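One structure, as structure tokens, below. Some questions next.
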Amino acid sequence: MLYRRVLVTMSTKPWGGRFRDEADSGAEQYTASIGFDRRLYRDDIRGSVAHCRMLVRQGIITAHEGDLIEQGLTDVLREIEGGEFSFSPALEDIHMAIEHRLIEKIGPVGGKVHTGRSRNDQVALDVRMFLRREIFDVLNGTAALQRALLEQARRNLHVVMPSYTHLQHAQPILFSHYLMAYFEMLRRDAERLMECRRRVNVMPLGAGAGAGSGFPVDREGVARELGFPRITRNSLDAVSDRDFVCEFCFASAMVMMHLSRLAHDFILWSTEEFGFIELPDPFCTGSSMMPQKKNADVLELVRGRTGRVYGHLVGQLTVLKGLPMTYNRDLQEDKEALFDTVDVVKATVWIMAALVPKIVILEERARRAAGGFSTATDLADYLVERGIPFREAHEIVGRIVRSCLDEGITLMDMPTQRLAQFSEQLGMDAKRALEVDNSLKRRDIPGGTAPSRVQEAITEAERYLEEHLQALRDAGASDECSQRI
Amino acid sequence: MLYRRVLVTMSTKPWGGRFRDEADSGAEQYTASIGFDRRLYRDDIRGSVAHCRMLVRQGIITAHEGDLIEQGLTDVLREIEGGEFSFSPALEDIHMAIEHRLIEKIGPVGGKVHTGRSRNDQVALDVRMFLRREIFDVLNGTAALQRALLEQARRNLHVVMPSYTHLQHAQPILFSHYLMAYFEMLRRDAERLMECRRRVNVMPLGAGAGAGSGFPVDREGVARELGFPRITRNSLDAVSDRDFVCEFCFASAMVMMHLSRLAHDFILWSTEEFGFIELPDPFCTGSSMMPQKKNADVLELVRGRTGRVYGHLVGQLTVLKGLPMTYNRDLQEDKEALFDTVDVVKATVWIMAALVPKIVILEERARRAAGGFSTATDLADYLVERGIPFREAHEIVGRIVRSCLDEGITLMDMPTQRLAQFSEQLGMDAKRALEVDNSLKRRDIPGGTAPSRVQEAITEAERYLEEHLQALRDAGASDECSQRI
Amino acid sequence: MLYRRVLVTMSTKPWGGRFRDEADSGAEQYTASIGFDRRLYRDDIRGSVAHCRMLVRQGIITAHEGDLIEQGLTDVLREIEGGEFSFSPALEDIHMAIEHRLIEKIGPVGGKVHTGRSRNDQVALDVRMFLRREIFDVLNGTAALQRALLEQARRNLHVVMPSYTHLQHAQPILFSHYLMAYFEMLRRDAERLMECRRRVNVMPLGAGAGAGSGFPVDREGVARELGFPRITRNSLDAVSDRDFVCEFCFASAMVMMHLSRLAHDFILWSTEEFGFIELPDPFCTGSSMMPQKKNADVLELVRGRTGRVYGHLVGQLTVLKGLPMTYNRDLQEDKEALFDTVDVVKATVWIMAALVPKIVILEERARRAAGGFSTATDLADYLVERGIPFREAHEIVGRIVRSCLDEGITLMDMPTQRLAQFSEQLGMDAKRALEVDNSLKRRDIPGGTAPSRVQEAITEAERYLEEHLQALRDAGASDECSQRI
Amino acid sequence: MLYRRVLVTMSTKPWGGRFRDEADSGAEQYTASIGFDRRLYRDDIRGSVAHCRMLVRQGIITAHEGDLIEQGLTDVLREIEGGEFSFSPALEDIHMAIEHRLIEKIGPVGGKVHTGRSRNDQVALDVRMFLRREIFDVLNGTAALQRALLEQARRNLHVVMPSYTHLQHAQPILFSHYLMAYFEMLRRDAERLMECRRRVNVMPLGAGAGAGSGFPVDREGVARELGFPRITRNSLDAVSDRDFVCEFCFASAMVMMHLSRLAHDFILWSTEEFGFIELPDPFCTGSSMMPQKKNADVLELVRGRTGRVYGHLVGQLTVLKGLPMTYNRDLQEDKEALFDTVDVVKATVWIMAALVPKIVILEERARRAAGGFSTATDLADYLVERGIPFREAHEIVGRIVRSCLDEGITLMDMPTQRLAQFSEQLGMDAKRALEVDNSLKRRDIPGGTAPSRVQEAITEAERYLEEHLQALRDAGASDECSQRI
């Protein structure tokens, strides 16, 4: 009887009792998060089911009540997935929208699902469930991109190009060696993401509004049910912690930063002037005005979207700066930035994984560019091997270069005899040092660009990638238990 | 004949001719902007109509063609506003979607609308038309908030509170004086927005893809038609310039920063502990767990959303850093950040304008807090007037304060005779200097908190606001001509 | 007598009286600002002299006291400039260091200089005096750079190069037209800096600790003495406002952003592959290992230092977010960021002003690059003029380009008869449209790259620069009065 | 002979040979880094010694040459540490300054130290050696702060205070529970720093200018000598990677963010209005104007300096965005930001470690504040235990709160009989649920605020800290080998 009466007068707000005046509709709109946090519906329902099962196990609600709630939640899930659910801004957020519908469906007993829980720990749970899955997806994308780089590297082991420092020709390298540099960057990115995921993958429920739940909840049990290896250690921290959002934004910013460099290099190399690579038509667009244009739009957006992810990182750090403990509504600002970061970084790694294999290397032009003055260092090294201190050898070769430039010739063009005028140590074989392939072979140290070393690096990378993918599959499997409601 | 044939084979892409392979659907999705730039549809159509009329005037297309195009565009506008328009991602962006539909409706002649124009200058025009109107709206909101502050200031001229430095009581002030500090901040914000708007309000069409249109377009005429006072001076700059987006993001960041401070102060003052103000129920929410809570959610979100706008600013600056001239697809990243900044800052100034008038000052508690040690400076000033150098007067009063703290009394509690022991200059009338109202009256200089000065400041502010609103109305009117198609 | 005694026991801290325990030396170090704010010494002394003269005029101190103080301050200034002043961290900041020395020199009467003033308004004054002068210097630098661009533009009016969009050849332009795009950017920068300077150039003294001075100070008089056109309107705002620091950081960030683009373009153009320009040796460095290298270090640092200025902007915005009113020690963080921003942006504009005139254009290579497909749009325009809708003309020319690419020829290489097969409108004179000089001449609209238009733009710019420099000189002169102590 | 001659004509630049014109002095100043990178001198010399020993072992230079160089470097080190070394900007950077002095001392043979090395890999080595040691120091500081928190937590286990959400009273907690929340944040910070350190602690030498050294250097040997567990895997990546700088800036930003929250809470709690804690005098300062002030300057600067570190993070990310591979001079911008971040975060954690133990809790005021309405949730929980669904229990208690507020009483003041009118389930024992100590005891779950749980958490934390410090000591020891030259 009582129940019914209360239900009838209950406002749509879960906290109406204490208030006298109705919410302002502008304020409602300003504060509503349901427009974006609805994306968490599945995690929210799964979390609620696990919470509810635990409440039964602990004797806090009856088995019958538990069944009703679980059944009701399953129905609500079906409604949402079937597109029959109406999301009203008046219901503030996804948690309240689901609970409200649950009570509509199964009556006041639905109100028992929130026993021993607060939205503060509930939303922390939802976001963590969401993010650990998404990081998994991002990692699959970075691995796909690594595979693409590896394949191109293996396929093009014979392609030579100049390395650049200061955008000036430095020394000849293998194109594969260049690609493998990005493999390494992504390896660090994956490491960071994995580490971040470990800190995401911690179960906060039971923290209540901050002081800890007032009911004898079984936090470890809920964690097991949802596939979390650990629970949070301090309830106040649990509800005010958004480190993991910042950290994911940072790890994503690093991914984007790396890809902005790759994109920029590819854009440069596909210019008329460089002409080292040809970009695949399907990843380019034309101009509405200039019929000849083929623009690297995808790569330019990869570069441009870096700014967006940097911005989200700054936004999150700003929100948290000097924020009073513990939960404050400011923390709601975590979600849109997080969702967009997830979307951007996922789309970006996957589109790059699709684009990289389709790049065509114009190897002749690349090799030609590797000639010129790129092997000047090798000539200095030649002198060093003949006992001249490096600093002087460098000086001597610098003068030879200066002479060549003045005459408009390359090092190879200079007759051996003239070379000898710069140093008596420059013998008949000096010009062999200037040959591109000899230069490559000299760099025969771990991490160097000598062909054998690059091949080794590729082999090591393939082995690593295999193991890494296995680790990802394992991590994915351990999450699986959270897939059953 | 020819026309028809070409049309049939034309891909949906406006640049298909040069390409061999179809766009990748992932790439299409990654690059499509129609999901957000559709918001520019009205500005795009208005701009096209003005461009088309000019083409007729200049004899570049015939009057009949112009009529067909203008009629077609009006139809497209009606379709969009009627919700009948289907936005397909395959059409890339709003410009192409509209042109494509135009050609569907009126045939190949529709293709003439793009004569002498590129998307590069077209999108610059659209964004500028959009933003100059939106800045106008933001300015209306800041003016509304200024009015709200003024009204509270006038209404509460008698309310005294402590000013704070370092969150410690500093000196007694009028609550109105506090409110007027925010009036000043918003005055600077409005100045910045107006100046930004002047740089937005420049007409870029005619820049073409960057080198300038190849047709004898009448740029000044288009500017007049669309209500722009000036045209851009350099075509390359016109298509690569997004200064105005950064600048608007910055001006918005400053507005948000100011309001984050106001919000934070109000949150603090509405705590149990401070208790200076009561926040209006309709702008607060409760807790899903704790029945006693009344939380300042709106204010917390105002504070939190500051991070978001900072983030957008950083994002824009990052996009532009080191970007090769002139247009690059990276620039597409301007729109979502800009739109969100516009939405957030507008919503924020308006919600604050609605909230501020409903704040209730608990004046007794505020006045009580202004007692205590807030007038210690006045005692030092009293000594200074009796010839003691300020630095020593400060030292003397510091010792008196120390004594009071040790004994757990306030300055007012200390007997006049005991005061005299600290300095013979502390006479019978010394304690009058400690009275709050005397302290206020002493601050009788321009910008000070003496009641008469605050009143003057309010009067000046009212006059300013009147003029400012008139200036806004005038600016709005001059835009009006762009409202006619 | 009393005076003497107090002085003796006075700690070095200006606020010792109330405290019981000595400062912790770590805390002293953590909070001391004298390591950097000593840079404000001259402004601090000038401000104190003006304040002191006013105290005399208002009868707050005697003429004799005023003379003593002014003389003492002059002596302190001489000591500092002579390098005889010892800056001790125990004295916290430059204000206290100077006042302390003053009292050492002239006795307790020196303590009267702080009458009716607080460090809160004093530091605001100092920073504003510093910054208005520095902005002036930055503006001189941007003007010098504008002049350098103008001179190169005038000198190289005949040099043709391709414009780029998406780093792909777009259309032929004049190199001068490119340079003038940067002139425009700097014009906006200068505008922003001038506007910022107007908001800096406001006199805050009299705000005291926040509530307003308790003495009948003549704020307008001090403003006149120090060359400020206006005084702050609200005392609380005056001590907590750092808008002008943020705004200067933003305006500087924009300058750096523009120059990062210019630097990046120049770096690119001086590559082996582009080879449009040669950078002056004195602005480049070599490699410690590779003898052939000539690296554009200065330009790279211009690009890199953009990050630093962006960082300072973010730092300032972060400090202010949610900061309680009014003054908090957090605000001390304004100075190092501001000083470094000033130093970086000044050094950057000046070094660019020195570098730009020494760039050598390799005009043949630039002109050659402008050939190729850059005039494809002109061919489409040719068709448009013969009645074909632009959208179809674009399609037709796109196909021609595709054919050329397949055959490895340029548009100019394709025989006129073959062109006609793509459209019957392509007549005998079609290929004239493809000529670079014709393409340039077509862009004969305001802001376009037609030679006559660029010449006009240069002339207008020269006139503007003259006026702008005059305005700067005038502004400088009006500051002059603050140069006399 | 030749050697001598070359030496004589060698410019101070290590790359003079190729150049024709002298460096511009402005450019020299703009590019010089010796003003700040001198800080790396010890790491630079240690790295050179290890490199030199390896060159000997590999037979690239003779043992005699090696001895000369090593002795010379040791002398240079002594000169620098003795303050006898003159750092000239003309020598660009610390690497060149040391090598130049070495050659002055031991003759041309000194030029052999740079054999098989470039500044590109040398500077990467130096910065990594510097940073791994500094991270170690930061970690010692965070551990010291954790210990300080732990000690305060153990000492004050009996102190009760309200927890806050939205700055409103939420539920009673132990003050120790609050402190332990920060312990957890710092635990995550330490994790991140350790992970970052692993990525710093990788040996880059041998990468040369990017393609790998042309000499058969023993990279693993150098790594062992310098105490690095790993070598970099790709030479291009090795010279262009600054991930570790960004990552350290991020990890530091998180530390600062956490401490900004702690600082802000403490500032708030030490206000007149809250009055929960008293801050130690030695960490506060007074006002130059207001004699009564005691300001939390140290805490405010902790909060303010957060902005600075955020700024450095943004700066670094900006520098790297879109940067062409591999090394560019932009990367020089890593150092000042890194040094300042190191200095700020180290000083901040140590000053907080010194301040926290000296905070005095005013426990009566804190406990009093925990009364009031903080236990309303417990009353709702009481109802839930009697079978009322939580959602309705919340509604009922909300109405009781409303009634109390209307009458100006607390929950405890309401007679039991009146409570019963709100729900027949509210029995005679209902008010026991409102008692603060009962509320605390109820939160008896892992991570909750029940006294026994907090005690457990402290014990676990002590154990963790012991192990963590041991791990730090071990890491430190393994670095030791790099301490010997």
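Residue numbering begins at 1 within each chain, and the chains themselves are lettered A, B, C and D in the order written.
Here, a residue touches a chain if its C-beta (ideal position, glycine included) is under 8 Å from a C-beta of that chain, and two chains touch if they have at least 3 such contacts.
This one's a predicted model, so the numbers in the text were calculated from it and none came from an experiment.
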Two candidates, A-B and B-C; the one with more touching C-beta pairs is B-C
Scan B-C, C-D or B-D for the interface that duplicates A-D, counting it as a duplicate when over half of the contact pairs agree by residue number. B-C
Can you check how far apart subunit A and subunit B are, centre to centre, with Cα atoms defining each centre and the answer in Å? 32
Whole-Å separation of chain centres (CA-atom averages), subunit A against subunit C: 35
Using CA atom averages as chain centres, what separation in Å is found between subunit B and subunit C? 23
Touching two or more other chains, which residues of subunit A qualify? 14-20, 114, 120, 165-167, 170-171, 208-209, 268, 286-297, 300, 303, 306-307, 310, 313-314, 317-318, 321-323, 328-329, 377, 394-398, 401
State the interface residues of subunit D toward subunit C in the complex, per the touch definition above. 13-24, 26-27, 29-31, 92, 95-96, 114, 117-120, 208-209, 280-298, 300-301, 303-308, 310-319, 328-333, 336-337, 347-348, 350-351, 354-355
Hey, which residues of subunit C end up touching subunit A in the complex? 165-171, 267-268, 271-274, 286-297, 300, 314, 317-318, 321-323, 369, 372-374, 376-377, 379-380, 394-398, 400-401, 411
